[in-house]
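You will see chain A twice below: alongside chain B first, and alongside chain C after that.
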Partner chain A sequence: MTRSTRILMSVIYWAFVVYLFVPLILMVMMGFKDSAFIGFPIKAWTFEWYLGVFQDTKVINVFLYSMAIALSTTFLSLVIGTWIASFLGPYKFPGKLIVFALTCLPAVIPGIISAISLRIYARFLDIDPGMMAIILGHTVHNVPFVTLVVMARLATLPKSHIEAARDLGADSIVAFFRVTLPYLRPALIGAGIFCMLLSFDDFVRAFFLGSYQPTLPVLIFAKLRSGMSPEINAISTVVLVMTAILGIWAERSMRRMNKGTE
Partner chain B sequence: MMGTDDRKAIVHIDNVGKSFGKTRAIDNLDMKIMAGEFVTFLGPSGCGKSTTLRILGGFERPDQGRVILDGVDVTNRPPNKRDVNMVFQDYALFPHMTVGQNIAFGLELKGKSRSETDQRVDALLEFLQLSGFRDRTPDQLSGGQRQRVALARALAPDPKLLLLDEPLGALDAKLRTQVQVELKSIQRRTGKTFFFVTHDQEEALTMSDRIVVMNAGRVEQDGTPEDLYYRPASRFVAEFIGETNLLEGTVRGTKDGTVVIDWNGRNVYGAAHDGDPRPGTAVAASIRPENVICLPEAPADDRALQGRIVSKLFKGNRTSVDIRIDEHDTKTITAYMDPAAADQFAGETVWVTWDKDRLAVLAN
Partner chain C sequence: MAHTETRQGSAEPNAAGSQRRSFWGALLGNSSYDAVTRVLFKTQRRQFIILASFPLFWVLFAHLGPILQMFWISFLDSYPPTAGVEPQLTFANWMTFFEARIFMMPFFRTLGFALTLTLTTLLITYPVAYFLAKHVRRGNQLMFLLLLLIPFWVGEIVRTYAIMILLGNTGAVNLILQWLGLTDRPIPFMYTSFSLSLGIIYLTSLYMLLPLYSSLEKIPRNYLEAAADLGAGPWRRFFRVTLPLSREGIASGCTLVFLISTGYYATPVLLGGPSTTVFAETIAGFFHVAGDEWPVGAAFSSIMLITTLTLTGIFLKLMGRTGKGLME
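Let's turn to the complex of A and B:
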């Protein structure tokens, strides 16, 4: 690589970084603006909008509601995803590829289409719009991700570990809980956090499957329609910080899993 | 502790057969393993030794036959329902558990009390010189230490039979020699029955009370290390174990246990260990290089063969000498000599002879 191309490459890279972060920086800044309208110039600064977020019981309730959905979804996705991975991974059977493709399908179906079809399906099953419907919708969407991550980890588990457990007196269920599951731990942490972020962040499915009680993205959307105010920036910034922390932690634990155990 | 009654059969492999697809992995294997014995199954990869081990462990079901463990038919029992434990080739230590937890695993599942488990783990750690390592995890151990932890874990539930699946393969050469000695001494001190599988003939010779050589699913020979080395039953065994010279010829006759073979028109003298072969049959005979005696002059008896030294290779502890007997035949006889003795052969001419009991006439 010549000197000029190296310079060009780094310029492109930094331009990309700026493009990526400027909107986020603007969003955080506007949350501190002492005015009801978003936009430059910022004449005065205030913490009021941020304080407001933590005092607004409606926002806090919506946040907790979204958290409850995310946690339930994550739990269900981990159980189902691990279960599918455990029989898709080690066994060979006719039609395995088809089962695998079907498992992955929900991950690639466009959100709006899956949201509409889930809405129709929920009505068909007599599930009322609301928390239950959203949890089921999110779980359908998340299971493929869990399955893929767990399968990848499972493929690196030496067969001899399970055999050693069996040899030492464990039946297949004890062997799964005492040897396989601990081995999957980093994958489950990583996949779990990813599930939480996917669920917490989702707008389309929550919008179609929800009742009058909004999730956080739906609430932000509703507030946007009544006009942009720095309050939205403040809410968004709080969510951004929390998800970023979770995301970085997930990434790190996934990386540890790859070097991890011998 | 066992070992007082060496004649008791702890395992009976009763006419066991196993195929994978069209491959016959084990062909009608029938044998008894005595309590306290160190038995090695030796053979090239794919010979059926590992399949035998996995059948004993309960990881494979035989297509036919039974496995009797201490008088009980365990053929259809899963691994967790038989008193057999295994040391795996990759040790298979649980990475998320400490050394102590690994060793305690089998004891806990047997329903032993915590204090009993604790005591047994401590005793095993001390026995295998791992005392300071109880709270370490497997990735903090060296290869040799891991191997000992795997051994401790398999010994912990006090199995009737211990299976060892090439457990020295992952160690470097120097450590391996040391571990061979240790393993043998551990086996002697515990009095346990060891069923060892390897493709390494030197390992087998060093440690075993008894070696079973397998080839293509069948037993080629079953005997002591000395039997196998000096009295191989077949050409396969002679070639698989150690270095050897194979002489192919026809039997001229037998007299007082001495077999006379016509080898390229010369008489060579050997001994048959499996019944005298009939005159006129084509046979192969095996003589180890260290049993070939080289003389600078013709000896008094007429049994020595005159030859020409074609190469001398200094190997440190010995000199390997290749001798051509027949100028029309490219085949040579290899002899090992003391390097100092090898220097005495200034010229090329040499007389080759051997103790006739050392030339094993092989059944074809």
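Let's turn to the complex of A and C:
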């Protein structure tokens, strides 16, 4: 490519970065505004909104509730996803492609339809709206991602590792726990953090499957509908910082895993 | 070679804890454990069936089940069932959709929106992906990519709120426009198709960018050099070499963005207005009120699911791909 198109493209890249970051930076700034009215310009600054959030027991409860859902979801998704991957990965059988497609299905269904169908299904299974229903919904949504990540990692596990374990007297269960699982560790960490992010950030499933106790995104949504306030900015900023840290951590462990296999 | 690798692989867990080894050793030596596994894992076939049973159960029960149940409910005249009344089968719920304009309009608006936004996102992110894959040094690519990924991890609601602050009447854009003297009163960006489009592109652009980047990154540099040696100019090289070879990324990116953007509910509620009602809002309406409307909502969801999956199926076929490997 010529020099001018090259410069043009770097301008487009940086413009895109600005487009991604500016709204978030503005949102964080607004949380420091010393006025209940959302809008520019910001004339006076304060920490009060943030202090308020950390002292608000309702917000803290909602945060803990969301965390509990995210952790349970992550655990279940990892177990189920790994099981599906260790079945789909190494074995060849008729209809494998169909099972694979079914595994990926929840990941490609538009969010609202996924939420509605799970709401109906929870009613059918007699699960009341609330924590259990949300955990089920999030797990269904997350399993495809875990399966894909674990399958990719499994494909790089040398057959000789398992064979050696078998030669040394391990049966397939022991071989799985002593050889396969340690080998999968980086994939499980990466996929696990990704699951936590997906669950913690999810709105539409939590909204339709939840009871009166909201998750954090549902709480922010409810507050937004009754009017903007810097308090929402403060809550959102806390969420933003948490997710960014988790995301960078996930990215690092996945990157390390890819490097290890090259 | 294989042998040394094996040793390294198993040395780590051994060193991690000698206590654990005794646990596994004891487990293997335990006679009842031995008896159970002997029966369970007697043949390869039996082992396969045990390994397969739970995954098959899960995908049928949890992945396919909700969709089938939704289809089934859409043909019932009432759901959740009332005690003592047997629900009747009916097509009425499906027909409701074709009878009223207030249902058809949001449906076609959603599809139109999603198609336009997919195309716009492709046009915006292609140069960014190209720049990343071809012009940034390999060692720096991770940093440049991470810069784009960080905002992506922030959830739907928080990012939607960020757009609200950006575009509001007292938002940053209006402040700058007034300060520059381009307008003397705030321009109402919010609650229009403009604010909604901007918000959805903001949410989905990375789903386009990542597949594009990974397909562009795979194109060997010498292909382009060969084309240049044969006398192809920069534009010709782009249209004859780069673009066809990034088809894979275009196909996955467009599919993901299309499916995801049709599924948003909170973003249209917060950023859109009465003139931009999307089908997700229509569907959600049936679930806010008393249970009787569920079958209609189920029918509408089914219509949307069938339409979107059919459209993406046709699209992937045209792009010369099957759905396999879509998520990779």
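Throughout what follows, the second predicted complex is superposed on the first by the 260 of 262 C-alpha atoms of A that agree within 3 Å, B and C clash if a C-alpha of one lies under 4 Å from a C-alpha of the other, contacts with A are read in each partner's own complex, and residues count from 1 in each chain.
In this section, a contact is a pair of C-beta atoms (placed from the backbone, for glycine too) under 8 Å apart; a residue touches a chain by one contact, two chains touch by 3 or more.
Since we're looking at a predicted model, the values are computed, not measured.
Within the superposed three-chain model, A:F207 lies in touch with chain C and out of touch with chain B [touch as defined at top].
In the superposed model, A:I42 makes contact with neither chain B nor chain C. When the two complexes are overlaid on their common chain A, residue A:S86 makes contact with chain C while staying clear of chain B. Legend: residue contacts after superposition of the two complexes on their common chain; A:M131 is shown touching neither chain B nor chain C.
With both structures placed on the common chain, the touch criterion links A:A164 to chain B and to chain C.
Greater residue coverage of chain A by touch, when chain B is weighed against chain C, goes to C.
Of the two partner chains placed around the shared chain by superposition, chain C is the only one that A:M228 touches, whereas chain B remains out of contact. Using the contact criterion defined above for the overlaid structures, shared-chain residue A:L71 touches neither chain B nor chain C, since it reaches no partner. By the touch criterion defined above, A:A244 lies against chain C but remains apart from chain B after alignment on the C-alpha atoms of chain A.
By the touch criterion defined above, A:V174 reaches both chain B and chain C.
The contact surfaces that chain B and chain C form on chain A in the two complexes overlap at residues 158, 160-161, 164-165, 169-171, 174, 178-179, 182-183. Interface residues of chain A facing chain B in the complex, by the touch rule stated above, are 158, 160-161, 163-171, 174, 178-179, 182-183, 185, 260-262. Of all the residues in chain B, the ones that touch chain A in their complex are 57-59, 78-80, 84-86, 88-90, 92-96, 105-106, 109-110, 138-139, 153-154, 157. Against chain A, in their complex, chain C makes its touches with residues 2-3, 5-6, 9-10, 12-13, 24, 27-28, 37, 41, 47-48, 51-52, 54-56, 58-60, 62-67, 69-70, 73, 79-80, 124-125, 127-128, 130-132, 134-135, 142, 144, 146-159, 161-166, 168-172, 175, 202, 205, 234, 238, 255, 259-260, 262-266, 269-270, 280, 283-284, 287, 294, 297-298, 301, 304-305, 308-309, 312, 323-324, 326-328.
The touching residues of chain A, when paired with chain C in their complex, are 1-2, 5-6, 8-10, 12-13, 16-17, 19-24, 26-27, 30, 37-41, 80, 83-84, 86-88, 91, 93, 97, 99-121, 123-124, 136, 139-140, 143-145, 148, 152, 158, 160-161, 164-165, 169-174, 177-179, 182-183, 197, 200-204, 207-208, 217, 220-221, 224-225, 228, 232-233, 236, 239-240, 243-244, 246-248, 251, 255.
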